[in-house]
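Letters A, B and C name the chains as they come in the text, with residue numbers starting at 1 for each one.
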Amino acid sequence: MQNTTQTQLEFPMVMGQPYETLPEDLFIPPNALELCLETFSGPMDLLLYLIKKENINILELDVSNITDQYIEYIDLMDALQFELAAEYLVMAATLAEIKSRMMLPRDKHDEEEEDPKSALIKRLQEYQRYKSASEKMALMPRVDRDFYTATAALPEIKIEKKEISITKEELASIFNEIKSRPDLKLSHQIDFEELSTQERIQIILDILSRRNVISFSKTLRKSEGRHGVVVTFLASLELAKDGHVELIQNKTEEMFLKSLRGA
Amino acid sequence: MDIKIVNTVEALLFGAGRPLRLSEIRGLLESDGLIAELSDIKKCINELEQRFNSSSLEITEVASGFRLQIKQTYSAPITHLWNERTPRISKALMETISIISYKQPVTRGDIEDIRGVSVSTQSIRSLLERNWIKVTGFKDAPGRPALYSTTKEFLDDLNLKSISELPELPEVDEGSNDQVLSEVI
Amino acid sequence: MDIKIVNTVEALLFGAGRPLRLSEIRGLLESDGLIAELSDIKKCINELEQRFNSSSLEITEVASGFRLQIKQTYSAPITHLWNERTPRISKALMETISIISYKQPVTRGDIEDIRGVSVSTQSIRSLLERNWIKVTGFKDAPGRPALYSTTKEFLDDLNLKSISELPELPEVDEGSNDQVLSEVI
């Protein structure tokens, strides 16, 4: 009984139901795309899955075969307009490079530089160590899941209130801030509007013509979701590259855009 | 009474973090395959009362059920414990209290949904202890999660006569961010 | 041991809502006019362990001190009470926290190098808020990225006393160690 709770909690939820198994093969029905995203924690994880499926040792990695499978997989996701993390594409490029190298006759000089295939194998091995450590860690007894602490209600006690003061304005602004956080967990919108980076650059410049500094979160709309964040971020980078703005990050991880025009 | 049932009742009272009704306890036992009448559970509670007799705890019955409570005799050192705590109000605590203020009554799950990250037992407890929030009911959902609302004391501390004096929020969810953008679009 | 001291220690453990160190307990007893050596407090804890022997409770020592816990045998029915807030931790988050555990202190970039994928602000924030990690410094590199380490609370939540109690990090590819890389390349 303990165990079922445990596994249920660890597996991704799709439409409220836990998925407990990995997809059977490469071809995943469109409605399970969300599952893929959660099933694989990244391209390394996907690659390890493909290797395991072939039942081979990492060291005997047949790059040519794996590359085809991997790219097939990526194409499928692409065809379904699945917003792929750039890292998946980088991995596809790496695999393709290794594959093409293998087809070329080997040159003695090449052995001097690091072989991309052995570099990839090393990375995969390193990743696998932490992946299996994390699987073990996920099964370790955890508070509020496998065991609970015991507490009793306090007797009547007097709490001195030397400390906290908070104003109603602070309450309102904190609440507003929470509500306007873009939902980064929102997976993908089916019919999103085209957002142009060029246009966004213009908008940011307009804002900065009136004020010197603006926080990153204020240059985007909540409703634009992840896509809006990406477009605005690209726009900020462009502006920084061209020397229009300086990007500043404070401790809370919020980024600010500071105009360099007036400086 | 069967020691296993007595101990399970005890575990429930220590683990619930809120008072439990006899009928709730019966349901929870049942889900664990233990069958007991309400009168049996009452007997368990009596047995536990015996068990705690010479300890620092007692079982009290309050409006929403039975709970384990620390005897009043031991209040002094506990007062020190709770007053010693560093008086820093964390960002997480601020967010939690602002959500409760505007959305009350809410469950812990509701707060987590809005914040997008989990809310620690410690923050809820700390707000309860300083009497800024109280349990005003239970949601009719699995586990009967507690519904939290702000207290009169919270209003006093903020110098408000009623919760309606809190600043109004923009109608639509899209908060102040859009206003900046709309200026230029 | 004096029953009053034993019971006060018990009351503190039940009322703290977090683990307590022997030295903290000593200070709290003292503020209440009770003088006890650390060794006496340890004796109290042993006595309480005896007291709980046939009950549903146990005292455990974790990274930040001693705390009262419900024996795992009696935990199942409590799960039903709490199922509203499922403390689900995604695979990605689990990978991130295990990299931090074994390689600390690390920057976000270090984690990304191993995982081969970018680590979201959301997941770092969620670990920070859970108090599982904290910033322990800044790396002397462009952008002075924050260095993250695990906290005592993380160990507490996994019922551990120290980070060395984590299972050892698996060696590279347990399967066929003797195979030389060059053979296959």
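One rule holds in what follows: contacts are C-beta pairs under 8 Å (C-beta built on N, C-alpha and C of every residue); 3 or more make two chains touch, one makes a residue touch a chain.
None of the values given here were measured: they were computed from a predicted structure.
*Asks:* If I average the C-alpha coordinates per chain and also across every protein chain shown, which chain's average lies closest to the global one?
*Replies:* C
*Asks:* Which chain has its C-alpha centroid farthest away from the centroid of chain B?
*Replies:* So the chain farthest away from chain B turns out to be A.
*Asks:* How many angstrom lie between the centres of chain B and chain C, each centre taken as the mean Cα position?
*Replies:* Going by mean C-alpha positions, chain B sits 23 Å from chain C.
*Asks:* Between chain A and chain B, tell me the centre distance in angstrom, where each centre is the average of that chain's C-alpha atoms.
*Replies:* Spacing between the chain centres: roughly 34 Å.
*Asks:* Chain A: which residues touch two or more other chains?
*Replies:* 144, 148-152, 154, 185
*Asks:* Touching two or more other chains, which residues of chain B qualify?
*Replies:* In chain B, the residues touching two or more other chains are 11, 14-15, 57, 68, 70-71, 74, 78, 82, 116, 121.
*Asks:* Inside the complex, what are the residues of chain B that reach chain A?
*Replies:* Residue list for chain B touching chain A: 11, 14-15, 17, 57, 60, 67-75, 78-79, 82-83, 87-89, 94-95, 97-99, 101-102, 114-116, 121, 129-131, 157-158, 160, 165-167, 169-170, 173-178, 180-181, 183-185.
*Asks:* Where on chain C does chain B make contact in their complex?
*Replies:* Interface residues on the chain C side: 3, 7-8, 10-12, 14-18, 28-29, 31-32, 34, 51, 54-57, 68, 70-71, 74-78, 80-85, 87, 122, 125-126, 129-131.
*Asks:* Could you please specify the touching residues of chain A with respect to chain B in the complex?
*Replies:* 144, 148-172, 174-181, 183, 185, 203, 206-207, 210, 214, 217-223
*Asks:* In the complex, go through chain A and note every residue touching chain C.
*Replies:* The contact residues of chain A facing chain C are 1-2, 5, 9-10, 12-13, 38-39, 41-45, 57-61, 85, 87, 91, 115, 117-118, 121, 123, 125-138, 140-152, 154, 184-185, 253.
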